[in-house]
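What follows is a set of structures to go through.
Presented sequentially are two complexes of chain A, the first with chain B as partner and the second with chain C.
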Partner chain A sequence: MANPSSTLASGLGRLKAKDTRPIWMEKPKPAVQVSKAIALVIICFLALYPLLAVLATSLSSQSEIANNNGLVLFPKEPTFAAYQTIFAGGVVTDALIRSLLITTVGTALSVVVTVAMAYGLTRRDLVGGRFFLMTALFTMLFSPGIIPSFLMVKELGLLDSYAALVLPTLMSAFNLVVVRSFFMNLPQELFEAAKIDGAGDFRILVQMVLPLSRGVLAVVGLFYAVGYWNAFFNAMLYLNDDKWPLSMILRQYVLLGQPMGDSAVAEIAVPSQAIQMAVVVISLIPIVIVFPFLQRYFTKGVLTGAIKG
Partner chain B sequence: MSSNSQTLTPQAGTDVGIPAPVAEGRRRGRPPADAGQGRKKSLMARIRRDKVMLLLIAPGFLYFVVFHYVPLAGNIIAFLDYKPYLGFVDSVWVGLENFAAMFQDGAFWEALRNTLVITGLQLALFFPVPICLALLLNSIVSNRIRKFVQSVVYLPHFIGWVIIVAVFSEVLGATGAVPHLLESLGLPRFDAMTTPGFFPFLVTIQSIWKDAGWGTIIFLAALMNVDQELYEAAAVDGANARHRLWHITLPGIMPVIILLLILNLGSILSVGFEQIVLQRDNVGPGAGEVLDTYVYFHGIQDGQWGPAAAVGLVKGIVGLVLVLSANKLAHLFGQEGVYSNGKSK
Partner chain C sequence: MNAVPSAGPSRRNFLSVAGIGALALVSGGALAGCGQRTTSVASNASEALLPTHMPLQAAAADIPGTAQGVPSAFYKYPAPFRSVQAAPLKGGKITAITNLFGTAPNARADNPAWQAIEARLGGQVEITSVSSDDYATKFNTIIAGGELPDLMLNDGAAVPNIVEFLQAKCADLTPLLGGDKIKDYPNLAAIPEVFWKQTVQAGKLYSLPIPRNLTGGSGFVNQTLLESVGIKSTEDIKDKDDFYRVAKELTNPSKNQWALGSTKFGLTMLHHMFRTPNVWKNDGGKLTRAFETDEYLAAIEFAAKLYKDGLYVPGSEGWTKSQMVNSFISGKVAMIYDGLPAYIGPTGYGRSIPAANKANKAVPFIPVGHDGGKAQTWLDNVTFGTVMLKKADEAKLKEVLAVANFLAAPFGSEEYLLLNYGAEGADYTLDANGNPVVTERALLDNAVPWKYLAAPQQVVYDPSNKDIVDVMHNAYSKLIPLGVEDPCGTLFSPTNASKGAKLGQPVSDAATAVIAGRGTMDALKSAVADWKKNGGDTIRSEYESALAK
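Coming up: the complex of A and B.
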């Protein structure tokens, strides 16, 4: 890794050209080929089976689940009853809407703050630039601890507010470094030219840097969004149950098996297994929808450059 | 998003662009001869020039101060008999009493032991998996199949712990598929989710399922950096696939393996907090309590603020020392280390 930029580029070149076997490589023995194929199938099965089992169970009737001892892979009579119950309104629907809102607003705020700081830190002789950068980087080395963080949120009066889910995790130094190193590798001549033409720093950021950075913004945005979507601990610490996001609903009603909703509300007291799994599926859907659009950036190696120099 | 695929790859070694001071001097049509003068401008002039940049940095800087550095100072409650209604100022200063109490608390030692057992097991069982997986992926000739498998194994990384624990209970739990399978094979029933002795293995299996695929990214990058001509030369000299793996591939990625191993050793006191806190009560604190959950349950739940904060502080300091020495060690091995990234050059 002595000269990462050139080696990475050559690595990428290899990726593209790799579809054909190099001349020097002998054709592997059939036994090797077959065992490799089997290994790959098993790996994919292990990665996907639990998710498929959850999906299948959510589409099964209670009797079918019981008959199959919990192991349903292909429901004979798929039913959307569980989803109908959930979307009839009530706890899960509300939590889903809350989660979507928190994730959207949180991700937008995080990306804006990260991009702004990362861009500011690209100026080399900035007054205090090194100090600001170090301030951010050192947070990767330590965590202030659960108790002081909790007390900080409490002192700021954020208890039982949605801000408590967003502000404490607003930015990660890792994402900051990813965005900053991307900005610094953009062709700087372009921005110099714009400056000579009289464009200010902010205008260069909005009109030139950002349009060139959609890939890295998508990746960092995904990291933040996944973080907000999956986070449950801050909700557990800071929020009362009328503000719970979907992840907390999942913990309470699926993991702990507590009755869903007030007894006064027309909802099943103890959620059936199908309903529990339907909640899991609903919380998986956004991830599974977004992931295919972004995974190509990972297989392409957007991050490897920034993970370490 | 497809038009700029060339620029989507931030190359490492962040500082390869045009040196900004030189570029700065050129703005507003000043002659390039002025270039070297950038640094000698007066402080006020530089602040005025960079006021937009400083304004852009301000919100992020404020965030790090308020949510990372101020709470860091809040660790002072480890030295207090902290009472929420008294606050920081009026709580009684007890010196090192909380730390003394910590060392006499059996639950603390139990949590420390559990933490080390789990991280040790993860080091032994988890760590080799991404390496083997990366070697396997790297050996796939077909581009399409490799990309597909990569996508499949990356996916679980983005699934949150609540979902993963729910999914695992569905498959491994008392009513799940695996116990029934065992039973139908005539084996004893075994509930993997609630057996205390199995807990470290359960946690490790879950971690492997979630992150082993994601962990291949760094090894795949390292594998691509191995000089291809070496393979060709070796093949010409008659080395077979196993020879090449042993004498070229493994030595080629060994620096990255050592670096990651060292860094893993540095974080030996940290286990995934969310993962454990969700499952601790399934097996009880005897097997499921780790240092972070100890702090949470004793401090925030039971209100023993001072003693729990003391445990958190000791863990934080020892962890910091471990990470820093691991990084130092990595430097000694000739690696760049993770935290040198972007600092200076």
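Coming up: the complex of A and C.
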């Protein structure tokens, strides 16, 4: 038979422990759980509603769009006419390929340059390191104007070349700071040990630093990729229309409400709003595919780089 | 004597601001930027040596145009004739910058139309093109870069200090095109004088016109809905009270139907009914800005009454163009303001409205005067813009003008077919009636913006439907004779260029507030008084002195 006093003591102890548990660790009451679920559903709906409307409108006919005042949620007779028109022309397909190439190459180059400079700036023995860091930081405060940038690109002979979309924005000072802060917080003892074992800086960077920095590299890579994917202004300024990336095509269609091709002559009446929405859908796809794989690094990477800096 | 091209409404305006009425009146079309010097002289066009008009012996129109400017109309494409014999470029290359409507065209290598045009040109034209919204940024950057293209669109807004720019960087075309000199370029010579007047500045011919059909019209009405309240045509409306009655009958919120609804209230039709001047009124050399007139105030007051009584779709003043078009197509709104060119063509209201909703048919709105007399429309769509030529030696200029002459090939010519419909076979075929029927690829092959570098006088042509041609031609025949020019359309005021739009904005805002029931007529009058005090009177005196020259 159990000792009544010890049973009482353990019961009291449990009660005490329960009483001292923070309120957020308590299991919520059913009413609270239901209200949380409702709130989450509403938030999800608010986030998904525009996407659903864009997708549904892209699958609608012009008359259906007109009869629903431009916003269709459930097309009665879904049609892929807008997508067929877009891909038949080849302009959107070409622009999509160009954007993918610019984003891939640009992101790779940017990450390489940023990592290289960030690693260099973490070396205390780097001559003029502070000067280079300050020079980079200066660009965060003062960016060149449109015309000086244009003149520089022109003088470098980069007008109407894809390099004009990559080189002027090759390195972002913000990303440099994030990566440098992350590198600074890696244990210095590791580097010292590696040096004692005879490793050079390149080997330390490639074999030790980079594998430890996957999170921050994913974040910075995502920043660069989204930047290259969305950039339209430099394309407008530096490139002729036969080299425009998808962002410019998207701008032409959606923001400026331009029709597909020359509507004054074309005999094919296209549902322009459906096409606008179809282009939005197409431009969203790559980011939607990539983002879930990178987002887990997102918060961790940025906070690591920023808070510990 | 000095002169300038009109900065008045053009296709650019129609595309960007459908309900332009209030804005056009307030800004005077001067969408100029800031920061330029204000030392330019006021200038006038009247003493320039304009090119002699030499009409081509082209195919006879089904409905001929008039000397007043009503365009010719065609039910079918006439037998094509060759308007340019020799290739204007001898293997050379010229450069150009202009607007692009729609997305980028198929690339040259995959574009039979582009290749065929350059084969006829005998060389290449490197075109830098951006949308009208990006044009000012791109063009000014290129100007700063120092290497100007040979042909440059002047859209009336990109270069605020246009006189100085023309004098410093652009070729004076008077010695090459003035008077009978233009006979070397017969397609350009076929453009009537009214359009060339828009190209004169500082007393010289500085650019080439891209003609439009003079008026932007008074808007459109849903004919089916109109007939449902017993009115066959807006011309049958007797006066403003009758207009109010019709609008009231057309409005039935329980059926999701209203009489009016347009971006910025679509005031143009009301201004035309009340005979508001076209930006300025010239009374023997004394100028009055439209919003200083009783006609303007009466139109605003009437719009406020219509709004107060619920005859506008609630919130429609903030509509985008798409929202307006969708509401018009669906029959939610019976009358809208959009530019008259939006009626014709494959995506024009003439075809798109019955296609989307068989029950509905749209026709242009033909206004009557508020008092039962004649309305007064505006000649506010004379040109799309003008095209400037970079300074160069005479041989180069002649070469560039020869290219422009090719691009200005008139309707009925082989070149017009090529420039507008593409390469025969790949982009279009001629049907039994000789009308071009385009292929699927024509859409993007023809997107190269040739027509925004030089163009002929426009015609009314739609082979798909004779009725659309008749309706459109009838509208021009009714609206153009009622039209008045902006007396300052070809004048230049440096103050207007530098701050005209900014000065006019408070007046526009006050008018909007009155209509929406948030402001009073006294506040509107006070905004007009402020406009005078803050620079309006200076603009007026600059225009008056230019007018007096």
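Keep in mind that, in the parts below, the second predicted complex is superposed on the first by the 234 of 309 C-alpha atoms of A that agree within 3 Å, B and C clash if a C-alpha of one lies under 4 Å from a C-alpha of the other, contacts with A are read in each partner's own complex, and residues count from 1 in each chain.
The rule we apply is simple: a contact is a pair of C-beta atoms (placed from the backbone, for glycine too) under 8 Å apart; a residue touches a chain by one contact, two chains touch by 3 or more.
Values in this document were obtained by computation on a predicted structure and should not be read as measured data.
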Specify the partner with more touching residues on chain A, choosing between chain B and chain C. B
Is A:Gln273 touching anything from chain B or chain C once the two structures are fitted on A? First, second, both or neither. both
Just chain B (first), just chain C (second), both, or neither: which does A:Tyr253 touch? second
Quick check on the superposed pair: does A:Phe150 touch chain B, chain C, both, or neither? Answer first, second, both or neither. both
First, second, both or neither for A:Gly90, with chain B first and chain C second: second
Taking the contacts chain A makes with chain B in one complex and with chain C in the other, which residues are shared? 69-70, 146-147, 150-151, 237, 251, 255, 273
Chain A to chain C touching residues, read off their complex: 62-63, 65-67, 69-70, 88-92, 94-95, 146-147, 150-151, 154, 236-237, 240-242, 244, 248-249, 251-253, 255-270, 272-273
Going by the contact rule set out above, which residues of chain C touch chain A in the complex? 15, 100-108, 110, 126-134, 137-138, 140-141, 144-145, 147, 320-323, 325-327, 329-330, 332, 345-347, 351-352, 355-357, 420-421, 437-438, 440-444, 446-447, 464
